[in-house]
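Two complexes, one shared chain (chain A), two partners (chain B, chain C).
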Partner chain A sequence: MKKKRTASKILWVLSILTLIFLWAPMILIIVFSFSNNKYGSSWEGFTLKWYLKLFTNDQVRDALMRSLIIAGVTVVIATLIGTITAYGLYKLNFKGKQFLRTSILLPIVFPSVVTGSALLVFFTRFLHIPLGYPSIIIAHIVFCSPLAVFIILGRMQRFDWSWEEAALDLGATPFRTFLRVTGPQLLPAIMASAMLIFPWSFDDFVITYFVAGVGSTTLPIYVFSQLRFGATPVINTIGTLFVSVTMLGLLLVYLMQKRTKTGS
Partner chain B sequence: MQASDKGETINESDICLEVRDVVKRFGDLTAVDHVNLQIRDGEIFSFLGPSGCGKSTLLRVVAGLENQDQGDVIIAGRNVNDLPPYKRDCNTVFQNHALFPHMTVTENIGFGLVERKLPKSEIKEKVAAKIDLVNLSGMENRRPDQLSGGQKQRVALARSLILEPTVLLLDEPLAALDRKLRKEMQIELKRIQREVGTTFLNVTHDQKEALSVSDRIGIMNEGAFLQIGTPDEIYENPGSIFVASFMGATNIFTGNVVSQRDGKIELETSDGLKIFAPEPEDQSGDQVSGFSVHPELISLKPETSGEPPADPTERTEFHGTIHEVFYQGDFSEFTVALKGTDMLMTVHLTRGRGYRLQLPEGQDVTISWDFTNSNVLRG
Partner chain C sequence: MPVLDEVPASQSQAKKREKRKLALDMTAYLSPIIIIVVVFVFAPLAIILFFSFLKSGPYGEIIYTFTFENVGAMLGGGYGKIFLQSVYLAFQTNFLCILFGYPIAYYITRFGGKWKTLWIFMIIVPSWSSYLIRLYALKTLVGTKGTINSLLINLGIISEPIQILYTNFAVTMALVFAWLPFMILPIYAALEGLDRSVLEAATDLGATPFRRFFRVTLPLTRGGLLAGSILVFIPTVGEWLVPSIFGGSKIMMAGSLVAHKFTAVGNIPQGSSLAIMLAATLILILYLTIKWGGREALEKAL
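Presenting the complex of A and B:
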């Protein structure tokens, strides 16, 4: 009994330490983004001037817009590809299916440095894709679609496929069946993958850095370039922005999962 | 092996579904093996068999959810081999109901009519009528997860019936319900069928259900029909060892025919027991593999000395001892070890027929039954 208590105490301390390291940096960034201190590293009274500075800075605005556009396009295309791929992987039987299914994981497990440099060589030497939006978006789709495939495939494995048979049996063509039954049932999973892909694409640095070329500065690249001047308060505001976007995505996923759980 | 329909001929125009020489294989397994079947217009026909006998597969072939490897499916005189499920004039009630979870009761029932592009007002009218038919008033706006098992069943039934199919296919629709509810739904099913007049093709592994709801039953095993007939034919005169034991005639004597005269056929078992039975209609003793007798047709009484033995050609009489007693409530089941053999016979005594007799285990008893209660088995 006593031994158990010590173990539980140790576990508590470890958990709290983990949480501190997990949350403290982010909380500090958010707090200091509102601080009057010009190095953004201590509290000297509340201000919104760094945010004002952020939104009047053309470079930041450009980078933010670029990141939003890239993330937006990536979400739509990667989710679409992911849905179709998952459907095919689940429904069709073909040789090498298992291999294909596993190989789709590669972009997720490969080091970003490898994927990034490989894509750069591939784009410039072989395909002659101009660096900038096209190369960045293609690269983002490459590492984001697998996420959609796995989320949607996971849902499909728990899907009651007799719904599909029932719809066919009741006179719906395969297309109408997808539209009226399968699609709506997969929608939560499709939305969840979109919510997760958005922050993935929005804050990717390594791969984007390789394939961006000159003049296509995304927000993470901008942040990195500013670090030369030390951590400025503006960086804190950008950090706050990132955290907010990611948290919003996670919150939406959580709410949707809660809804589908009570729904079905 | 093919089923015989006891010489009955079905009028060509009365057939609403015909299956001709259908074969369905899954790899090395032949799930449906050269099956022929004719279903009459307006009847409840049950496929009855143990799990894995191919009954569901045959149903799915009729629905178009599986494609047969060979043979024809003809619905209302039309060969539907090349038609996908959404173009066939039959609808299915699935075992797990397969209700659409994101739709209300009304939307579920109206699903097929929307696909037929009927005007909204007509759909509303028809759905209301079906909700009334299956007693679901007040549930219109509920979603499937807010319904009980029996209510889901009714929605599934209404959803299929609303399309007025030539044949309604039911794939073990009651299997998931508890015993009491199952009984209720059997009565409901029959009432609804009588009301709408649609042909029902019901798949089940429950003997009692098949006997109580069906007009005719087809007993399936290993992908083929062993016997097709009315519930009483199937129950009282099982044609083969498999059908007899599947339908609960647990007393089966295997042996050889030793004599045939005066409309009686005599069997001698390997243990030397001699049993008489009425001669089969075709008066042939060929291929007879044994006799069966139902446990509820056997008399049981304590052995008394001095009574003259019965005429063995009229009444079969054996001596034995009570082996075990199983109390069942409405009846008691006795197993009796026959003297001079290693055979155990099962006897059911209902409360009306005196199961309160003091018959402890080990008691010497005499069991007997009229020769007309013995039933001839082939194969």
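Presenting the complex of A and C:
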């Protein structure tokens, strides 16, 4: 018994050290976002001036708006495509299905630099699409839709399909069945995919950097450009807000799951 | 016997109708994704494959003559070495993530108790936070003017800042820092799914805890290790941000090489050939993964 306790203590120490490794840098920038130091890398007394600077910074506001618009459009389109594709892949049997599934995996597993550079060359040398919103949104849909497909497909496999059969047997048209029975049942899966895709699209730096062209600064691109000029405390504030929003979002998901569990 | 003759005819008609319905359904459900895959994945790849056999002029323009120059440069020059180094770094990262990730996943499963949710929360948050911001935060900590150095100087332990950035150590640390959560979570899921009675049986039959871990627990959580390795290894091979922030020009990886050729040098043919090489490397890895671990493991990992 005593041996077990020492084993658990050693594991506890290792786990805490790992957690510190994962969190120390984040906690540091959160602390420094309230520090007076103008390089944002040491503590010189409490201030909120960097937050004030952040909220009055037009560049940041523009970049944030751009990122939100791109992520919003991407989530809607990618989730829509993901839902109907997953439904098709689940229901239909045809030759080449495995090949199609593997092809859909490609944009997810390809390194972002490959996807980004291939799309850049494709857009500028072949399609002649203007770089900016169109190219960024297309690129985001390309790497987000496959993710939506597999998230929703995964949930469909644990699904009770008898409701749909019942509706069809009782004479509902396929469209009506989807709208009234299958769709609402799929809603949690669709929500889950949207919740995952939004940060994916919002945070993406590499692919966006390739296809953005000049003047379409998204928030991650803004952060990256500031890094080049040397760190500023404003990035600390952006980082702090990022982590806070992530935590709030996750907390919300957790509470929602808990409520539906106790509710049913 | 006219009646019997009619049956096959109507059957083939039904089959035809079914086939037409399948084609219609496929168009309805699958055409958007097929357009995405064909037009925006395969076609761009084909184009950069084509460009990789061309030459770049002195001002970054593309000269339309067929050449094996880029392929030759890759196999002969230092590029091949950088590719090997990327694969090596990915292996190393993967191994270190298992080494650090397994104990914490094991601890949470066995001894997490009422804090389990909090532990998992603390691991999920970093995996969801902005990747770029996390790397920036790490740089704030270890940079030349970073917190660790200024703290040590202020305490009088060192007089000159320690050079942590732009070393192999920094790149490895940043890679592990970035990808560790993606290893912990699948291992944790696998450990949670473990049947406790199997472990009890092993103990009852006289296995030492050590032996039990290596002969029972570890093999039974292979699925989680595989899923975690897919999530860590594949993106690490093509990494760009970590080597560019923490390796500078000293430690290059395949991804940073591609990005460098496209964004800094502007040599599209050379960049294309490197990107094709990287894509080919990844397809090979993907093929091996599916062969060894099965497609389910790959799709489940996502």
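Just so we're on the same page, the second predicted complex is superposed on the first by the 230 of 264 C-alpha atoms of A that agree within 3 Å, B and C clash if a C-alpha of one lies under 4 Å from a C-alpha of the other, contacts with A are read in each partner's own complex, and residues count from 1 in each chain.
Assume contacts are C-beta pairs under 8 Å (C-beta built on N, C-alpha and C of every residue); 3 or more make two chains touch, one makes a residue touch a chain.
The model shown is predicted, which means the values in this text are computed figures rather than measured ones.
Among chain B and chain C, the chain that touches a larger number of residues in chain A is C. Within the superposed three-chain model, A:51 lies out of touch with both chain B and chain C [touch as defined at top].
Look at A:104: by the touch rule set out above, it reaches chain C but stays clear of chain B. Contacts of A:172 after superposition on the shared chain: chain B is touched, whereas chain C is not.
Contacts of A:133 after superposition: neither chain B nor chain C is touched.
Legend: residue contacts after superposition of the two complexes on their common chain; A:184 is shown touching chain B, with no touch to chain C.
Touch criterion met: A:203 reaches chain C, while chain B stays clear of it. Residue contacts after overlaying the shared chain place A:114 against chain C, while chain B stays out of touching range. In the superposed pair of complexes, A:163 makes contact with chain B only, with no contact to chain C. Under the contact criterion defined above, no residue of chain A touches both chain B in one complex and chain C in the other.
Looking at the complex, you find that chain C touches chain A at residues 22, 25-26, 28-30, 32-34, 36-37, 40-45, 47-48, 51, 62, 100-101, 103-104, 106-108, 110-111, 117, 119, 121-126, 128-134, 136-141, 143, 145-147, 150, 177, 180-181, 209, 234-235, 237-241, 245, 254-255, 258-259, 262-263, 268, 271-272, 275, 278-279, 282, 286, 290, 295, 298-300, 302.
Those residues of chain A that touch chain C in the shared complex are 3, 7-8, 11-12, 14-15, 18-19, 21-26, 28-29, 32, 39-42, 81, 84-85, 87-89, 91-92, 94, 98, 100-115, 117-122, 125-126, 138, 141-142, 145-147, 149-151, 153-154, 199, 203, 205-206, 209-210, 220, 223-224, 227, 231, 235-236, 238-239, 242-243, 246-247, 249-250, 254.
Partner chain B is touched in their complex by these residues of chain A: 160, 162-163, 165-173, 176, 180-181, 184-185, 263-264. For chain B in complex with chain A, the touching residues are 63-65, 84-87, 91-92, 94, 96, 98-102, 111-112, 115-116, 143, 145, 159-160, 163.
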